[in-house]
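Labels for the chains are A, B, C and D, by order of writing; each one numbers its residues from 1.
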Amino acid sequence: MIDALDGIDGLRDAASMALTGLGLAFFVAGTLGLVRFPDSFSRLHALTKADNLGLGFLALGLALQADHWGQVLRLALIWGLALIAAGIAAQLVARAALAEAARRRR
Amino acid sequence: MLLDVILCGMILAVALAAVSGLGVFRAVVFFVVHGVLVSMAWLRLDAVDVALAEAAIGAGLTGVLLLSAVARLERLAGGGAWRQRVNVLPAGLAAAGVTGALMWAFLGLPQPAGLGAEVAAALPRAGVENPVTAVLLNFRGWDTLLESVVLLAALVGVWALTADDDWGARAGVAQHAAPGGVLEGFGRVLPPLGLMVGVYLVWAGAAGPGGAFQGGTVLAAVALLLAMAGLAPAPRVGAPALRLALVAGPAVFLGVGVAGLAWGGFLRLPPDIAKPLILTIEAALTLSIAVTLALLVLGRPEPGDGA
Amino acid sequence: MIDPALLYGLTGAAVVGLGLYGFLSLRHLLRRVLAFNVVGSGIFLMFGAAGYRGAVAEGTAGADPVPQALIITGIVVALAATALAVGLILAHARATGRRTLPEDDT
Amino acid sequence: MIPGDGAGGALMATVALPLAGSLLAVVLGRHGAQVAGGVALGVGAAVAVLAAQVAGGGVLRVDLGGWAPPLGIALMADGLAVAFLGLGAVVMAAVVAQAAALFSTRGGESRAGYGFWPLVMVLWAALNLTFLSRDLFNLYVALELLTLGAVALVAIGGQAGPLAAALRYMVFALMGSLLYLLGAVLLYAAHGTLDIDLLAIRAQPAPPDLVAAGLITAGLAVKTALFPFHAWLPPAHAGAPAPASAVLSALVPKGSFFILWRLWFEAMPDLAAPPVLTLLAGLGGAAVIYGSALALMQGRLKMIVAYSTVAQLGYLFLVFPLAGGAGAAQPWEASAWTGTAFQALSHGLAKAAMFLAAGLFVMAVGHDRLEGLRGLARTMPMAVFGFGLAAVALLGLPPSGGFTAKYLVMTAAFASGQVVWAGVLVVGGLLAAGYLYRPMAALFADAAPGPLTPVPRRLQALPLLLAGLAIGLGVASDAPITFLAIGRPDAAAEGL
């Protein structure tokens, strides 16, 4: 562990570990939000925001370990797709929840 | 090693939740999670092609199929409290018995036996570098040809369940995406990227992980998205172009198989032209698989009630 | 430590058991089809673990390709069977308004 | 064993032709009947050529793609396989002829018309493949294709009853294929091959082989509707349209039984402990008794004929204790083995004739309740005579093929000292007489039949033709006996 820290590799590994750790923290926050928040809208809010950010940090941390540019681009593509998908899904679930609430009130 | 233990634990927990929980929607969600976890297990078992297939077909398409079925079933036969299970004890005993026998058999396996060496030896004459694609399309091409016919037979079976007066209508249920809404926007952004990824997967299948089934499934997902976003209405059951696309894969494969008789045997691919033959078969197969899978998920034509 | 092939093999066997229990005991037809898919993924997990065990011993590059090819074929066949089963379930529900087989009804 | 690459054409045609036909029928929606007619002729010719090749040159093997097992898949045609291919060709020809009238697509493409033809041809291709293939996973894909086609055919009518029957059939069939797949996976994990002949060399009574054999046998028993798992068969076969039920009852369960036969006699002959074989035959015997008893209580003709299938399939399982395991090297093994093949062939022909005749009765009277069929003999003599001949073959009265089958199996039972199986044959024959008497009595009653739509004579000839073949199988039985001996695993001396 100690000798891995000196030199450029050490710095890169340390940065990767820090970033992935931060990403993990956001995931935990998102899950906590899912469990604790009262209604589905705030849960959606917590999930999409925290998890996307967590995934971003994770991707960044892994990008440091990539050994050629192709992998970095792929990681960015994966993160972009995840962002779009999470956003769309959150919108649709929110709309469905609104319709459900309206129907239940009638 | 710790990752394997955790992953197996999660797979078992999610499988238990999918099977024993209350409510069918929750079971389907857990099933999709199970599919994703199993595809990660495939990566640990060094089987990347299967991980792609499990994620795309096992978790993805089967999940969408079951989710849409849950929605339709609630409308048709919803409501009413009723017992979830019946004859729990005999089912439990039978399942435990089979599991015990399987574990006893798995532990009793003699020295590892596999065909890895034979495949590696025959690979140079197979025409493709990826051993899995070589097995799928050359050594055991007969299985893959039959498998594409199984897909076609399932689709004809699903279409035969249509109501008599709905015959000839558009496949699947009428979709209601809000025009100019979020889903329609998504339907415009993703397909170009999806098409590129799908075609790349098929092409990459010759040398690395990928192939006709994984690529075809991605293309099917793109087609489904277009149909759900309301951008491209589902084709009519009677459309001749659709029927030709459905039959293209098995027909080309069977044609190449019969042509093989000229080189000495059914489905025989001479090594020097094996690669172009395999690529033409894969192209036709991808087209058929994409169309068949999309239509299988859309289901039988039902112009009557909307989604 | 336990070698991965054995771990995944036994997990596959356990997943088969869980799926089989669900398939035999559940009455909601969609859940029985779902349990059928769970058993299928358990069988393939065992098959893949056996393939991995074979390759590691022979020291060839990747896992044994023949089980991989058969598993892909099996997954696609399982999807075809599931699609026909779901179609039948919906047609049966439309004709009889029931989600279970007649003999399972209370 | 000639690796007939050049001569493999006829063997491949028996499977490739129906596949190509089903693809063509999917594209040409309206002309499904003509395509099926052409395929029926083609496969008939291919089976004739194949029979000549096998009769002349012995067993014919084809390694697909030029890759020999364990890497590739091998197909093999021996006497038994070609006999079953012939049964399939004859029954399918008659079914296609009758279905052409029922599912005619002249007035534009109809749902049932479009769905029926591709499914029946895909079913035929899968069936032929179960008789030919030597690879367990290839047999799994063939079984799945067979089951999907069969379930879709049961549900093609569209009413609520057949839909529930198709769904129950699907649930049982999924269970069967899971168990079979588990067994095949274990065999590959243990021996690194799925080929039947290589497994015969490598199999030994170790845990994986025993568990695998048990699972495969259980899976195939569910698919063959053996006694405790038979609940799905009668409503499914009675609910399907008549030509489809003829195919379902006469051919489909024989496909999965054929694999069981290959497993226990060629893949793992020495693994068969006598108690297991006796259990299989015991369940078969119970199927004969239980199926016949229920057939006695049915009110509808098609249900009687469907329960008779459950009973007749039970006879096939008597071959295991008589010819398998310890009995393998005994002189009576050959006659039990040949007798069961005869039973399968003659039941196929007779059952197809019965269901086609029942279809004609439904076409004429509109339903198949027994009281509605009173006195039909006067207006539809050929169809009723065909039904009668088929009943003779099912009862096993001389000179029918059924009699030859029962005679061979019974002499084997007496010679081997296992007299209980002879008892099952006798009791089964009596019960069969019981449940077949009621429809015959109704048909030949001297009551004037009610209003009925006339049925063309050429359609009535079909059941008569099939039933005549079932009788002919018994009359000219020496040629089939010698043909069946080609390539029999351990052809014991012709003891009896």
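Convention: contacts are C-beta pairs under 8 Å (C-beta built on N, C-alpha and C of every residue); 3 or more make two chains touch, one makes a residue touch a chain.
On a predicted model such as this, the values are computed, not experimentally measured, just so you know.
J.: Select, from all pairs of chains, the pair with the highest number of C-beta pairs in contact.
T.: Counting C-beta pairs in contact per chain pair, the top pair is B-C.
J.: How many angstrom lie between the CA centroids of subunit C and subunit D, rounded to a whole number?
T.: The mean C-alpha positions of subunit C and subunit D differ by 28 Å.
J.: Between subunit B and subunit D, what distance separates the C-alpha centroids? Give it in angstrom.
T.: Taking the mean C-alpha position of each chain, the two centres sit 31 Å apart.
J.: Please work out the Cα centroid separation of subunit A and subunit D, and write it as a whole number of Å.
T.: Going by mean C-alpha positions, subunit A sits 58 Å from subunit D.
J.: Can you list every residue of subunit A that touches 2 or more other chains, as numbers and ranges?
T.: Expected reply: no residues.
J.: Multi-chain contacts in subunit C: which residues touch at least two other chains?
T.: Touching at least two other chains: 16, 20, 33, 46, 50, 53-54, 66-67, 70, 73, 77, 80-81, 84, 88-89, 91.
J.: Return the residues of subunit D touching two or more other chains; collapse runs of consecutive numbers into ranges.
T.: 71, 137, 141, 144, 148, 151-152, 155, 158, 182, 189, 192
J.: Going by the touch definition at the top, which pairs of chains touch each other?
T.: A-B, B-C, B-D, C-D
J.: Considering the complex alone, what residue numbers of subunit C touch subunit D?
T.: 16, 20, 23, 29, 32-33, 36, 39-40, 43, 46-47, 50, 53-54, 66-67, 70, 73-74, 77, 80-81, 84-85, 88-89, 91-92, 95-96, 101-103
J.: Residue numbers of subunit A touching subunit B in their complex, please.
T.: 81, 84, 88, 91-92, 95
J.: How about subunit B: which of its residues touch subunit D in the complex?
T.: Those in contact with subunit D are residues 98, 101-102, 104-110, 113-115, 118-119, 122, 138-143, 146-147, 149-150, 152-154, 156-157, 159-164, 167-168, 238, 240, 243-244, 246-247, 250-251, 254, 257-258, 260-261, 264-269.
J.: Under the stated contact criterion, what part of subunit C meets subunit B in this complex?
T.: Residues in contact with subunit B: 1, 4-11, 13-22, 24-28, 30-31, 33-35, 37-38, 41-42, 44-46, 48-58, 60-73, 75-84, 86-91, 93-94, 97-100, 104, 106.
J.: Where on subunit D is subunit B touching in the complex?
T.: 5-6, 8-9, 12, 16, 19-20, 22-23, 26-27, 29, 62-67, 70-73, 109-112, 114-116, 118-119, 122, 125-126, 129, 137-138, 141-142, 144-145, 148-149, 151-152, 155-156, 158, 182, 186, 189-193, 206-208, 210-212, 214-215
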